[in-house]
Amino acid sequence: MLVLTAVGSIGGLTLILGTALVLANSRLHVEEDPRIDAVEDMLPATNCGGCGYPGCRPFAEALVTGAVLPGKCTVSPETEQIRIASYLGVDVGAEEKQVARLACAGGANVSRDHAHYEGLESCGGSALVGGGGKGCFWGCLGLGDCEVACDFDAIEMSRHGLPMVDEDRCTACGDCVTACPKDLFSLHPQSHRLWVACRSQEEGDEILNDCHVACTACGRCAMDAPGQIEMRNNLPVIDYSEGTLTAKPAQRCPTGSIVWLDPKEGAVRGQSARKIIRRDALSDAPT
Amino acid sequence: MTLFSRKTFAHGIHPPGLKDDTKGLPIRQFPFAPVLVVPLSQHIGKPAVPVVREGQEVIRGQCIAQPDGFLSVAMHAPASGVVRRIGLTPSITGRMTSGIFIDPFPASTQEVPEGTPCDAATANPEEIVAAIQQAGVVGLGGAGFPTHAKLKMPEGKSVDTLLVNGAECEPYLTTDHRVMLEHSDDVFAGIPYLMRATGATRTIIGVEANKLDAAAVLNAAIPDGAPITVETLPVKYPQGAEKMLIKALLGREVPSGGFPLDVHAICTNVTTTAEIGRLLPRGLGIQERVVTIGGPGIKNKGNYRVPIGTPLRFVLEWAGMEENLTRVFLGGPMMGQAVSSLDIPITKGSSGVIGFTSCESSPLNDSKHYPCIRCGYCVDACPIFLNPSQLGLLAENGEYLRMSEDFHLMDCFECGCCTFVCPSHIQLVQHFRIAKAALRKAKVEAKAKDDAKDEPKPKDEPKAEAKAKMLA
Amino acid sequence: MYRAVVGIGLACGIAIVMVYELTGPIIRQNKIEMREKAITKVLPGATTSAAFRLNQSGGFDPVPSDNEGDDLVFAGYDDNHELVGLAIAARGMGYQDVIRLLYGYSFEKQAILGISVLESRETPGLGDRIETDPDFLRNFGNLDVSLTPDGAELANLIEFVKPGEKNDPWQIDGISGATVTSKATANMLSESSARWIPTVHPKKEVFQYREGVE
Amino acid sequence: MKRLAKILDIRSSPHVASGQSVDVIMFNVVLALLPVTAFAVYTFGLAAILTLATAVASCVGTEYALCRFTGRETSIGDWSSTVTGILYGLTLPPSLALWMVAVGGIIAVSLGKFLFGGLGYNPFNPALVGRTVLQATFPVAMTNWPATPVDRFTSVPSSTLAWPFTEPAYDAVSTATPLASWKFEQEMTDTGDLLLGTVSGSVGETCTLLILLGGLYLVARRMMNWRIPVAILLTVALFSGLLNLSNPKHYADPLFMWLSGGLMLGSVFMATDMVGCPMTHPGCVLYGILIGVLVVVIRVWGGMPEGVMYAILLGNAASPLIDNWIQPRVYGTTGNQS
Amino acid sequence: MCPVLAVTNTAKNALAMGLATAFVLIMSNLVVSSLRRYVPKQVRIVTFILVIATFVTIVDYLIQAISLELHKALGAFISLIVVNCLILGRAEAFASKNGIYRSLLDGLGMGVGFIMALLCLGVVREILGSGSLFGLQLFGEGYQEWIIMLLPPGGFFTLAGWLLLFNWLAKRRERRANSTGKESIS
Amino acid sequence: MNSDPLWAIFLNACLINNFVLAYFLGICPFLGVSGKLATATRMGGAVTFVMVVSSMSAFGINSLLLMIDAPYLKLISFIAVIASTVQLVEMFIKKMSPALFRALGIFLPLITTNCAILGLALFQTNKGYGLLQSFVYALGAGAGFTLALVLMAGLREKLELAKTPDIVKGTVITLVLAGLLSVCFMGFAGLSN
């Protein structure tokens, strides 16, 4: 008897509930593409926004709809991208690895301040107070907003207050580009080796009082690489699409504001420029 | 004139006035510097376009740059001399801007030839607006907003009251005070232009109670039958802010994100009004302005009529500075901007040059910074009724988007009340400036991206916002 | 799909029933033992007990002793099958939650002989001193609940007094520091005794020992 | 271009400040507490001195040790841990074993404040956290009110010097606080005694007049929001007054409610702790009303005779919600924020 | 984790609760993994819950049979083992995808871990709260009990304390690993 | 049958023996969903609703079981009924308000395995509450849960901006807060006297 009640009631209960659930399942089901979840799982979940979407999930949605290709994700390793691509049956659409580069070489060892900034330790903050007090109005303020903004620990401030980018870690998410109040960062393909590390638009040697590695708009580089480098707003502009660039313009630059970024040796400057770089910081007193 | 009007706004603070050093000193003419630098962008809006060449000789008061578009004004030569070059000059914002470098002729009499006058009684509003733009008038209180742009009535808007702002609530500054005392006739000459251009039917001049002599002078000088009243207001900072003055005098609140026009009022600084009254009848342009040079770091304090473009170095050298001068700022100590380079020239917006020595230990400078203890002093001080404490905490955590969306960050006009009262010495205003700058930048980037894309994607804006959030 | 669910449901049902069948007797035994222990505690000298249920007409029917409920009273007998007294349950709101306790009533002494707490969530170390505090438990050595001459109601309701101020045998001394719980205990005893004692006292005969009852 | 001859300092505006400072405020709270403290020492003698000294020492010591341990800059200089220590000491029974006082002090600063990030981030009043946790930990010791001996300046209650972690022995003669004797025995205490503090109770909650004096000092120096104590006291008066009118025998009168227990100390010095209370004035009033209602509810219907500390802590817990609901109406907008 | 916290005020209760939970965990893992082929995906959760509930009922009766005292102390919380996220989680995440043997091992591992966790709580709470361990008096007569440890707040605080300790240890380990592995970027 | 007055049941379930703070029931959602105030409020509402629904169905099931004299099936049938009720509610919400579903996210299924729900059903039958009493008990428990959740969310939102030490952030600080709240709620003890 006991067994019968038990079996009967449990059986009945499960039957009723099962029916209800099955019915509800068919009536109330909400259609959602399961591939979105699958793709999201394969993404790095950093939500860095490097792909141009607000986060990994929206990117996954876009991937599934085919609006974008997996290669757009700047963070995930190639193997993962191939996995996603093969899962969705599309091309990887890989792009050449880009890295963030700083257009300033004026660390505390080669540049001076006009004024002494006090207040919040933030470039954004100091830039709003009379430009931050750096002698060169275009130069890096060195308070490390980019270092904070970088989610991948790819930026570290050097001894002399200049951000150094670890190209292996950099995912080209663009956070540092947004963070820099002086707009010194930009994203470039890794293969672009010749680099103008200055933004000063001043002409002539006067700027050298403030920064020893500033561009004086002498134009020698433009003469070295005609067609590839031209002077615009007192600054050399490199056209990377025109043929192969060599390290020559960098070697001739008298101040070292054009550098050759060697994969092994780092930033290579010309003979005359190399003398400028000092080991320790400049004193505040003007020369 | 009601002597002890209780008209005022809610909240606000009472910083020490510190005006006694200069308020009794009459306005004096400042000498010409060996080189004057007229920046082409002394106002909000597009820089003016130079109409002179390098090496060209100019006469004082001659128009040397023409406005570029509606939100731009003309520039006039501050002295007769020769244009040395047109090049980059540092500005108070910390960016290099283009400026016209003029070497004044040392022997010149520096007389100003009169131009085509504009008569308040006969000119139509459009003519007045154009004349004011040509005269290069911008808000001389410090904001630098082109005055003519305020006067241009958009479709469907109307103004009933013109408010002339004589509050001058910033400590140290006495320019408006002196102008009201010495040039009340100019003020009353300027008012008809503004009323005619806007269609306002009455004018109220608001003067704070620490300038009763000026109020008395103005009151006595009101032309017969003119619909002008002078009101004294209790001394309180930031009474001189447009929104606060409108609240104090009219009891109306300018809607968030809106303009005084939305509550049928228009507000101009008293010195701006006086300048209009001085320039327009003679067809002139601004070539100089009254500046209070003061503060503990300055030896010869006073109110001077300084030519536009005089480099600060010259100003300080001429006025004399104490040995231990360490800080100089343009404007008053509450909202004035610190000067990072003495090559910055005096512009139309510079109402004061205040110098502090190293002895002026501002508590913000030396004392310890404490965490926010949520005392609520800033909430009590904020004239806009924001919650600076919450905003500050959000800012420290980089939650800029929430600051603007949930806590009205963009309504903050950086009056500095919160930072002034903060017992923890938190740089609230600076936090807000950073946040605003980051948000503005994110917005611009989003827009640029939007424009660049062939097919507009709705995802782009959230992306930029997400970026703003990430900035810390 | 149905088959799987129903099948597993059936299997579960059977498993549960089997365990229930297996453990049922042991559990019943445990329960009886536990209650016997409590009854022995509140009725010193009692060794066996029997359960009675209050019926509609105000009488008492013997019921199997594994029954449960608040309307039960338990008669306790000593080794000679003499009726020692009745164990009656009381419940009431304590400091934190409901307190349930059992108290022993002696027909001869017309007094409460002891209490035992069945359930309480009182603060450990404080409220639970109603179980452990010797001074407090001494109240129940001989707590007077005698009836008025006509037997209709208690001559004196049980009263709660401040610690150390007990003067009359029907008063309960509180525990200092645990006033709320001790007061609640006194209150529920007072309430319960006022309800039960007049009912059970005249029916002493019903509760006498009978063969065949555990 | 000519270059600058000297380096200027630049910073963001405003360039002047009011001069108000956190350490100054906290120090003034200490000053305001001095009369109460002095009276406590006068009433309870050596026991009060020891209790207060231990409380302050444990709070300040814990703050110092934690700062050292975590490598933060020490924050003793802001006086806040001293305030916590004094307030905490004032809420303790004078006969409490000193080791318990120290335990509570450590809890107050570490659990009540430091875990949350230190000054400014503690959601609850640290002194009350210490007191309440101690109440739950040692309920017997915390509700023991011995009669004050005549030789109070030369001897201490035997329980005070109990060895750490041992149960203190209590003096035989104990008295009930006014609230307890009212709650459990319906005995009223004389109003004059309540005002002057000649009743039993925690170290610092007995003399109402001196507490008010300290509060007035802070209000005069604008270092305290007077709306909070006023709201609490008015709510308590109104609520208990209504109850009292409905049944004077069963419910105590408002004056008694005001003067007895920790209500004055709590509402003047603890509920007004800037960190834990709402930021806006209407918010503060609401917060005060909430506390007032809770005080009466717990005192009248709750299991314990005193409910001020629970009420204030619950008020603290609710203040983020209050802040969330009551934001100042921004100039030029019509509705609330967010 | 939820329902078991409430009964960890003594080491004995904690151990009993841990054992009961571990038993249910192991048994349900076993059954679920052996049934995994026959249960369709849609009704997986439902059947799992049924299985777990069965074992919990069984444990409930077993404890009643072993010691009514213990059952009283643990109260309704035994029944609440059903909704322990851990059990359903393991059934769903592990047992339904793995073979019987591996599931058994998994159940054992998780169960032992769970018992350890509960013991950690129970031991601390009992020592401080009652001055005893498994009912054994540890200190002399005069020990002052820390009542709060027996009350709900004590449970929260003890758990927080253990987590804090683990976090701290993990952090320290991480810092050590970092300090050696970091290389400077030139 | 239990004779506790309704107001006492409500107060008891809501304040004195708050499910979260005194019984440790529903800790998972309590820790998980108390980060944001808006979510917490909705979650509280959802839990209250589910509580009432499952309390009512548990009452029905219990009466049925008593009728056929099968108390041993109590647990298994409770859990089955509650689980399916919650799943139905979940599907319903997903259909009716995708936004709400998104906000509560993964926590809706969590309600199924929320011990507070099952605990409520078990306690209510243990205490022998009648239909109306059960209803009030469920309401009180839900209100208490919501109250604890909302208070917690407010505190956590505030603390989110605090300089809380790293090793304390997250679960630890939430547990400490829960402990402190639990201490605060001890003030309500004995209220129903």
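A, B, C, D, E and F are the chain letters, set down in written order, and residue numbers restart from 1 in every chain.
The definition used in the following text is that a residue touches a chain if its C-beta (ideal position, glycine included) is under 8 Å from a C-beta of that chain, and two chains touch if they have at least 3 such contacts.
Computed from a prediction, not measured in an experiment: that's the story for all the values here.
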Intersection of contact partners for subunit B and subunit C: A, D, F
Chain hops separating subunit F from subunit A, counting only touching neighbours: 1
Farthest-lying chain, centroid of Cα atoms versus that of subunit D: A
Chain whose mean Cα position lies farthest from subunit F: B
Leader among chain pairs (count of C-beta contacts): B-D
Length of the line joining the C-alpha centres of subunit B and subunit E, rounded to whole Å: 68
Between subunit D and subunit F, centroid-to-centroid distance (C-alpha), Å: 33
Separation of mean Cα positions, subunit E and subunit C [Å, integer]: 35
Intercentroid distance (Cα basis), subunit D paired with subunit A, Å: 52
Touching two or more other chains - residues of subunit A: 2, 6, 9-10, 13-14, 17-18, 21-22, 25, 114-115, 118-120, 125, 128-130, 133
Multi-partner residues of subunit C (at least 2 other chains): 1, 5, 8-9, 12-13, 16-17, 20, 95, 123, 125-126, 180
For subunit E, residues contacting two or more additional chains: 42-43, 46, 50, 53-54, 57, 61, 147-148, 151, 153, 157
Contact footprint of subunit C on subunit D as seen in their complex: 139-140, 143-144, 174, 180, 184-185, 303-304
Touching residues (chain side subunit C, partner subunit A) in the complex: 1-2, 5-6, 8-10, 12-14, 16-17, 20-21
Residue ranges of subunit A in contact with subunit B within the complex: 47, 49, 52-55, 58, 62, 114-115, 118-120, 122, 124-125, 127-133, 137-138, 145, 148-149, 151, 174-175, 178-179, 181, 201-202
Residue ranges of subunit E in contact with subunit C within the complex: 9, 35, 38-40, 42-43, 46-47, 50-51, 53-54, 57-58, 61-62, 64-65, 67-69, 72, 129-130, 145, 147, 150-151
Of all residues in subunit D, those that touch subunit B in their complex: 1-2, 4-6, 8-25, 77-78, 117-121, 225, 274-275, 277, 279-281, 323, 327-333, 337-338
